[in-house]
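Here come two complexes built around chain A, the first alongside chain B, the second alongside chain C.
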Partner chain A sequence: MNLTTALARLLIFPGLLFAVPAAWFFLWVERKAVALMQGRIGPPFMQPFFDFIKLLGKTTPQRSGVAGLLMRLWPLLAVSAAAGAVGLLPVLPSSGGFEGDLILLLALLELPSMCIIAAGFSSRSIFGEIGSAREAVLSVSYNVVFLLAIVSIAASQHTFRLEALAHLPASPLQILGIAAILVCLPAKLHLNPFSLPNAEQEIYSGPMTEYAGPELAMWELSHGLEWVAATGLVATLAAPHLTTWWLAALVFVVLSFAVVLLLSALAAATARLAIDTTVRFYWQCTLIFAVLAISSALLMRFRS
Partner chain B sequence: MNIFAMLWKNLWGGSRTMLFPARPKVSEGFRGLVRFDPALCTGCAICRFRCTARAIEFKAGKGEFYWSYDPGHCTFCGRCVEGCKAHALSQDAECPPVYLTIGALKNSYTVARKPPAPKPAPAISPAAAESAVNPVPTGGAQ
Partner chain C sequence: MNLWNRLMCTSRRRSPWLFHMNSGSCNGCDIELVASLTPRYDAEQLGVRLEGSPRHADILCITGPVTRNAVQAIKTVYGQVCGPKAVVAIGSCPATTNVFIDSRTLEGPLNRHIPVDVFVPGCPPRPDAIVLGVAKAAEILANRAAKKLHVEPVCVPGTDCATDCASGCAAKAAASHAAAASEVQP
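Take a look at the complex of A and B:
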C-alpha cells in the first residue's frame, strides 16, 4: 500500500469523508429503530448532525493543569483511533493493506475504550470513576471473546492481513468468529443489555459526566465512528468476495446497516444487566468459545 | 421471546407519541388551565389560601381586589376550583398551550367589590306581631 492509497483510504473511503456522515447516519438509525420498536416517533434524520454542531458551538469549562490537558486530549485521541480503524477496513477489492494490519486494527478499535476509561478517571468525578471502572471490567471481559474470535480466524489462515481474511470463503470457523464478534459488539458500543459504563439512570453518563461542548461532540463522533468500525469489521468478514468496487462498497454499507438494525433490536428488547451478571456472561461465553475456536483453528491448521 | 413479538407489533402499529404542535386527546375530568369569572367572585381569597404552588396572587384593596393566576407556577391540582364556593373558578378540559415567553399565559384581574347583600329581615312570630299591633301598656309609664 503506497502513501496515496493509504491517505485516500484514511481520508476518503472508507475513511473520514465516508465515515463521519456514516457515523451520524448509524447513530440516527440506532435511535430511530429503538424508538420505532418502542412505539415512539424518534429523532429526525439530521438530529445527530444538529447535536454535533450545537455542541461545537458551546463553551467548555476552564480546566487547568495536567488533568485539564488530558481531558481535552482523550476525545481527540479516541476520534483519531476510531477514524484510523475505519480507514484500515478492506472494503474495496484489492485495496492494499499490509501484513499485520489486523493487529493494528484491533489496537485502534481498543483505543477509544481505553480513552473512555482514562477520561473518567481524569475527570475526578465520582460518576466518571464508577463508569470508568465498569468500562474497564467490561473491556477485560468481552475482549477475551472478541480477540479470540479474530485471532482464531487469522491463525487458521496463517495470516494477520485483513484483506486475506476478508476474502476468505465462508467456513464454520468464520461463522463462529462472526457470531462471537456480534456477541461482543453490544458491550463494545455500550448498548443494552451491556450499557453499564454510561448507565444514565444510575451514574448520569459515566465517564462523560464532566464533559461538555466541543469535547463532548468529539466523544459523540468517536462513538459514531466506533459504530462504523465495529459494524464494518463484521461486514467485511461476512461479505462475499466481489471484484466490482461499487458492488463491494454497496454490500459493505448494506451489511453494516443490517448489523446496526440487529443491535438496535437487541438494545430495544433488553434491559441493562448488573455488572456481575455481565461479567459472568462474558467469561462463560469465553470458556465455551475458547474451546470451540482454538480446537477449530488447530483442526484447520492440521488439515491445511 | 414475547418481547420480540411486542417490538414487531410496535414497529408496524404506529407511534404513540406525536410531533409538535399536535396535542394528545385528554380524558374526561382532565385538569387544565384555571379560568376565572370575575362576575361570580366574592373576593374571599380561599383560592389563594389553597394554592400551595403560589400560582394565584390576591391583593385586597379599598372597594376592589386584585386577582392573578400564573400557569407557569400552577401544578393543576384543582384545589382552588374545589374550594371556590362561588363557582368563580373552573378548569379547561384540555392541555395547556405551549408558550415561549415567561408569563405569557398569566391572567390578572382587578375586580370591584360588590356591596354587601342586605341582611334578610328576621323571622317574626305571630305573637310578637300581635303585640306589635296592640302594644301592652306598662304600668310604670302611666
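Take a look at the complex of A and C:
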C-alpha cells in the first residue's frame, strides 16, 4: 500500500468522508429503529448531525492542570483511533493492505474503549469511575471471545492480512466466527442488554458524566465511528468476493446496515442486565463459541 | 448572520437535551414530563433527549415548589449546565408555589433564585403543554445565543389550570408573588 492509496482510504473511502456521514446515519438508524419498535415516530433524519453541531457550539467548564488536558485529549484519541480502524477495512477489491494489518485493526478497535476507561477516571466523578470500572470488566469479558473468534479465522488462513480474510470462501468456521463477533458487538457498542458502562439514569452517564460541549461531540462521533468500524468488520468478513469496486462498496454498505438493524432490534427488545450476569454470560455461555472456533481452526490447519 | 451561525441556530433549536430536576415536587409533574417522552406524545420527534448529566443538557426542567433544602442544589445544577442554556419551570409550584404558598419550609417561587425562561402552569400540566414549553425554550435559547438578547419569560397557554392561573399567565403571578415576598421579608 503506497502513500496515496493509504491517504485515500483514510480520508475518502471507507475513511472520514464516508465514515462520518455513515456514523451519523447509523446513530439515527439505531434511534429510529428503537422508536419504531416502541410505537413512536422517532427523531428526524438529521438529528445526530444537529446534535453534533449543537454540542460544538456549547461552552465547556474551566478545567486546569493535567487532568483538564487529558479530558480534552481522550475524546480526540478515541475519534482518531476509530477513524483509523474504519480506514483499514478492506472494502474495495485489490485495495492493498499489509501483513499484520488485522492486528493493527484490532488494536485500533480496542483503543476507544481504553480511552473511555481513562476518561472516566480522569474526570474524577464518582459516576465516571463506576462507569469506567464497568467498561474495564466488560472489555475483559467480551474481548476473550471477540479476539479468539478473529484469531481462529486468521489462523485457519495462515495470515494476518485483512484482505485474505475478506476473500475467505464461506466455511462453517467463518459462520461460527461471525456469530461470535456478533455476540460481542452489543457489549462493544454499549447497547442493551450490555449498556452497562453508560447506563443512562442508573449511573447518570457513566464515564461521560463530566464531559460537555465539543468534548461530548467528539465522544458521540467516536461512538458513531465505532459503529461503522464494528459493523464494517462483520460486513467485510461476511461479504462475498467481488471484483467490481462499486458492487463491493454497495454490498459493504448494505451488510453494515443489516447488522445495525439487527443490533438495534436487539437493543429495543431487551433490558439492561446486571454486571455480574453479563460477565457470567460472556465467560460461561459464549466461550463455547470461542473454543469451537479455535479448535476447528486447529483442525483445518492439521488437514491442510 | 452567516451560514455557520444560521446552522448553529437551527441545531440549537432542533436538539434540546433536557435535564430534569425535582425541587420538592409531589411527583405529579415528574410523571407528566416522562409521559411526554412516551409513544403517545413522543417528544423525541423534536430532538428531545432526557440526559442523565446536567453537563450534557441545554434545558433545565424544574418541578416542585423549591423547598429550603433544594435551593442550593438548584443553584449548583444551574451552574453545571453549560451555556447556552434555558430553564423551564414545569407546573404551578415553581411558578407560584401553588397550594403551598406561605409555607415556612419553602423558598419559592423559582425565579427568585435562577432566571426562568418558560413557565408551564398546571397541576400537573398536560404532557403536550410540556412539549410545547420545551420547544419554546429551545427557540428562546437559540435566539438568545444568536443575538445575545434578553428574553422575557414566556407562559404556555392552553392549559386547564384553574387554581392560580385564571388569566392564563403564571409568569405574572410569579412576578407579583416575588414582589410581595420581598416586601414582607426584611
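The criterion applied here is as follows: the second predicted complex is superposed on the first by the 300 of 304 C-alpha atoms of A that agree within 3 Å, B and C clash if a C-alpha of one lies under 4 Å from a C-alpha of the other, contacts with A are read in each partner's own complex, and residues count from 1 in each chain.
Note that contacts are C-beta pairs under 8 Å (C-beta built on N, C-alpha and C of every residue); 3 or more make two chains touch, one makes a residue touch a chain.
Only a predicted model underlies this, so the values are computations on that prediction, with no experimental measurement involved.
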| request: Using the overlay on chain A, decide if chain B and chain C clash or can fit next to each other. | output: clash
| said: I want to verify the contact counts: of chain B and chain C, which reaches more residues of chain A? | reply: C
| query | Is A:Leu287 contacted by the first partner chain B, the second partner chain C, both or neither? | reply | neither
| First, second, both or neither for A:Ala265, with chain B first and chain C second | first
| task | May I ask you to decide whether A:Leu17 touches chain B, chain C, both, or neither, giving the answer as first, second, both or neither? | result | neither
| query | So, does A:Val66 touch the first partner chain B, the second partner chain C, both, or neither? | reply | neither
| field | chain B versus chain C as contact partner of A:Gln38, first or second or both or neither | value | both
| field | Which superposed partner A:Ile126 touches (first chain B, second chain C, both, neither) | value | neither
| request: Could you tell me which stretches of chain A are touched by chain B in one complex and by chain C in the other? | output: 38-41
| query | Which positions of chain C touch chain A when the two form their complex? | reply | 7-8, 10-12, 14-15, 17, 38-39, 42, 44-45, 47, 49-53, 55-56, 58, 80, 82-84, 145
| Residue numbers on chain A that touch chain B, as the complex places them | 36-41, 265, 268-270
| Where on chain A does chain C make contact in their complex? | 31, 35, 38-44, 46-47, 49-51, 53-54, 56-61, 127, 200-201, 203-205, 208-213, 216
| Touch list for chain B against partner chain A, complex | 3-4, 7, 10-11, 13-19
